[in-house]
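In the two assemblies presented below, chain A is common to both, partnered first by chain B and then by chain C.
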Partner chain A sequence: MAWYQTEIFWVIVKVAVILFVMLTGGAYYTLAERRWAAFFQMRLGPNRAGFWGLFQPLADGIKFILKMETFPRNADLFLFMLAPAISTVTSLMLWGAIPFTPLIELSEAAQKNTGSEFFILQVSNPNAGILYMFAISSLAVYGILLAGWSSNNKYSLLASVRSTAQMISYELSLGLSIIPIILMTGSLDLYTIIETQKNNWFLFTLPGFLAFWVFLVSIFAESNRMPFDLAEAESELIVGYHTEYGGFKFAFFMISEYMNLITLSLLTTILFLGGWTLPDFISSAISNVGLQHAAGIGLFLLKAFIFVFLFVWVRWSVPRFRYDQLMDIGWKVMLPASLMVVFIAGIYVYLK
Partner chain B sequence: MKDMHIAKNRNIIQPDAKSEEAWTRVDHPGVQVVRELPDGRMQLNLGPSHPATHGILENKIIVNGETIESAEPNIGYVHRTFEKLGEHYGYNQFLVCTDRMNYVSSAMNNIGWVLAVESMLGIEVPAKATVVRMIIAELSRIIDHIVSMGILGVDLGAFASFLFMFHEREEIYQVLEKTTGARLTTTFARVGGLEHDVYPEFVADVKKIVKEMPKILKWNDKLLTKSRIFYERTKNISKISADRALEYGFSGPNLRAAGVPHDVRTENPYMFYDQVDFDVPVGENGSVYDRFLVRIEEMRQSLRIIEQLVNHIPEGPHHAELPHIYLPKKENVYKSMEDLIYHFKIIMHGIEVPPGEHYFATEVANGELGYTIISRGKRSPWRVSMRRPSIWYYQAFPELVKGDMIADAIATMSSMNIIAGELDG
Partner chain C sequence: MNIPEILFYSFTFILVGSAFGVVFHRNPVKSAMFLVLFFVGLAAMYALIGAEFMATLQVLVYVGAIMVLFLFVIMLISVREEALLNMGGNAGRTVIIAVLVLAFSLQFWVLLGGFMKSQGEHVVNGAAPYSTEVMNYTTGEKLLIKGNAEVISYTLFEKYLLPFELISLVLLVAVLGGILLTKHKRETLQ
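Moving on, here comes the complex of A and B:
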């Protein structure tokens, strides 16, 4: 095989692996959310399908497929069908740039087979990876916007208006909150950002610490999660933008939301908690390189899991903001705070 | 009336030809699509079937963006002609109608009705019946407030507190079920006493509730009362001044939240409310947060009342020894001539209430529930009229939400504790 054929083959394999793992993860996140929520509320949650309810996502999937397709009268059918697709595709595309593993040096036999010296579970490595992430996640709002617009439902429309305003407001602080990291790293490449944090996570630097909180609040807003879930406020706007959706079209929205949450958890870990890097004192204790990598990746997933849990925890603990409060926080608190963080980061980097 | 004018000016747009063609299968001829009002405002039907309208409440609101410009509540979706039924039912039969008014705390409605009838008859019930009635009433008040505050939390997005509280509500329902045989529509009180005696472990079960309830209230405080988001969402929302609240005819927790210490239990005591020690919590500006706080404090006060009563349930019969009013025991009906006659008289002719007009009010969970009974000495009243507190709150709704946002309207609706069954009667 020519080199590009091998390359394409391996990219397809990687995409397949990542899609499988993450889609399963997204599906099981729905179960986890329901189970955890039940524990927070002294309930049992879904525990009928299989041991601990582990087949619940499967059962849900079958149910969604078998449901009757309904379309609201006078809906814009093309956009109505397109909207869930946009939501799902954008959240799938986000994984393209995430480096799930460090560069792993391959054995000679493997080098011969694959035709490359290193292996990394990352579909593509754009050198402005972080910009790619933010560009794609900004597109996700089109899914919500079009869903709300095309449904011919006033509640959906209000939800999409809310969601659009929310996205614009919080994208600003989200974008600004990663500037300290870019300043400290000097690169937009996610791999380099992780490598730089080998012995000192950005969370434990002054600008990184400040940026972390801005970033955390912004991703809650960005993912339409609880204190900011105005777009699907179920007691106000029925369920907001996907009021008119049922069956698998609804499942698309559902799973894209949870996949987004996983991505954001991974991204937070990459940006602030050092990704899969092991500090020197740990990596020196582990002699085997393979074990080192395994420990690093395991730690990476564990750290991401903390955020996965945090999303659920916060959702079931706090009430929802009102629309004007949301805007106030976005423009009067988060934006000045993120500008301040950028300013502090500038001084910090200059003095260093 | 200005609001009505706006609602009539709908701009009715025909669906465009293309989409009409696409939907001929399901579209009915002459269906018109109301998109928006001429000047860009939008009419939104908040209810009758909306997740936040607990019960069937219809609100047509005109919104400009998210801001409400006017609201137009409509009532009557669950109107079951209780006042008309009251003219045909006997005095004890009408209890089932009172159950179905405020179905969240139905025992209190029963008690109010039998107290009204008893005061017309001029009879005394034994102390035991009264004490048990008071305990049941206060337990019902707690249930009602749990539902009301829990739903407010749910409408603001805080689900956990709601379920914590419902856990305790279930305990209370267990007691009610054991006592009355029903959970929702208790029909426990009877003219002249109670349907039957309380079960032996009643005191222990009630004591357990009194002991455990404060813990749940503490959790609720942590999750809602002290939550910054909850505070920001509810403070100064749908404020109403004391004067305006009185003009609208507010009563109960909503009036007390506006700053008027009006409570029928203290101002015009019935049963033994003049002998128990409790405080009447009062709010400041009648906002959603004040109503919430007043309800929480009322739950604590209700627990206090129960605590004082539960150790002193007197011995004795659970009904007055008035055989022409209280139905005799069924087994005696077969053995004793007098009981058979009284049984026949009560079943066939009912309780004969002396002619006259009478109003009797009790403090139920969401306000002052009054029964006006006009009797002409027959087995059923000549006319029954209920002062149902919800209807007075609901007419203030347009004024309260004007200028607020949609989310505030929903908080207002749940904080006023409007029960559709009671509203429509």
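Moving on, here comes the complex of A and C:
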């Protein structure tokens, strides 16, 4: 067997492709956010660097790298450096389990050259894919917690404590809101969850529809976005837990936030909007199998893009919650609501 | 040495090292971070023997929930570097430490004896159940189930349903007790 026919080589290739797409996507999401924000406010936004400002992320990157490294006095340097690394690594690890494509049967020539019968753009398929996603995303809170504590700044500490409390509270309703999906699928595997929705997206079932709204509110809170962005309430806490971070360390926090948003958009599409599956009436209209796959993957990315836009749309349209309101919504509205959804899903699955 | 064995020994190194870090580091926050590292190492160990589901739950529950709360509380109280206590200063403490050390060495000695006997067998053989045959108690037919999650849930909810429910009852009582204790404190403060 030649070196290019081994499984490990193709896994490395997939990791490299996904890393490149992810980092580029995160960088360009910052540009998209700034441009769209400007449009919402009747401005032009960054449009100087290249056509439509397309080189702006590159310029930002160069600026971040060339900036002087500053460290606050009395900061715990090891944890101070560790915090942005944890944030970035956890958001990078999340893409390891997402199936971007269906299982594609390769042509004979391709089979001979790659040494494998099937192709799927998914780095690894862990035993419980959806739980893997939640386990890794629950690690992201360490980045925020350590950043706030180690920079030896009261504003940072307050922001990180706030943000941690918020993330712990909303993790409950987030975890409960995916239980209807698991009940209806009968599996924890992301691939099976997508396959099950071939002709009926979970959004269009009763428990799925209810769970969708709980899920949507919870991911807004989990990603610390408006209207839940109490972690970086500028008017109260400077910029929150990354007040003391500058240069590339700040860029790490920034890019990991946007990568998380992209991941959440993809995950919402996978869980509720059917991923890359095509309903029968579309797949019967397209005769070519390759075109079918292309249409499915294209639709998958398009559906995810709707959520990418939604994150920006909501951020620049609604005001921020007060902290006690946030906690009230989390514990007194979202948690009972998600428990109710689980109950309804149980009855729905039992009756079906 | 094959790859699983190399991984096994490196995870063991991380586990033992971080366990010592938890005990001996003078900064409580870093102690807690060592405990986090320990749990992640343990999850890696579970994944190595094929129990991916257990590994995921280990990270989700211990690292994602419990240790976050630990760190949260440690950060809220003012943290300073603790000095190592004078070992021989307190007679009672000395006795406790001596008994614990004795118990630990005894256990270690017994385990080592068992290990010596089973020498030659592989330490890692990937023995976690990927599939198992179970009986469906309602219909009486035999099923072959695959995947960690299914195996664990059949064991929990079919085989050991009563003990499982009893444990959850104990946990419920503990939760109620916790709420009751904090409520009581708050009233006396006001």
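Convention: the second predicted complex is superposed on the first by the 347 of 352 C-alpha atoms of A that agree within 3 Å, B and C clash if a C-alpha of one lies under 4 Å from a C-alpha of the other, contacts with A are read in each partner's own complex, and residues count from 1 in each chain.
The working rule: a residue touches a chain if its C-beta (ideal position, glycine included) is under 8 Å from a C-beta of that chain, and two chains touch if they have at least 3 such contacts.
This structure is a prediction, so every number in the text was calculated from the model and none was measured.
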{"item": "Partner chain(s) touched by A:318 [first = chain B, second = chain C, both, neither]", "value": "first"}
{"item": "First (chain B), second (chain C), both or neither touched by A:154", "value": "first"}
{"item": "Partner chain(s) touched by A:301 [first = chain B, second = chain C, both, neither]", "value": "neither"}
{"item": "Touching partner for A:49 - first (chain B), second (chain C), both, neither", "value": "neither"}
{"item": "Touched partner set for A:183, first chain B, second chain C, both or neither", "value": "neither"}
{"item": "First (chain B), second (chain C), both or neither touched by A:79", "value": "second"}
{"item": "Broader residue contact with chain A after superposition on the shared chain, chain B or chain C", "value": "B"}
{"item": "Chain B and chain C footprints on chain A, overlapping residues", "value": "161"}
{"item": "Of chain A, residues touching chain C in the complex", "value": "76, 79, 126-128, 131-132, 134-136, 138-139, 141-142, 145-146, 148-149, 157, 160-161, 164-165, 168, 171, 188"}
{"item": "Contact footprint of chain B on chain A as seen in their complex", "value": "37, 40-43, 73-74, 77, 152, 154-155, 158, 161-162, 226-227, 229, 233-238, 316-325"}
{"item": "Complex contacts: residues of chain C adjacent to chain A", "value": "27, 29-30, 33, 36, 52-53, 56-57, 59-60, 63-65, 68-69, 71-72, 75-76, 147-149"}
{"item": "Residues of chain B defined as touching chain A within the complex", "value": "15, 19, 22-23, 26-27, 31, 33, 42, 44, 50-52, 65-66, 153-160, 163-164, 167, 223-224, 227, 229-230, 232-233, 405-408, 410"}
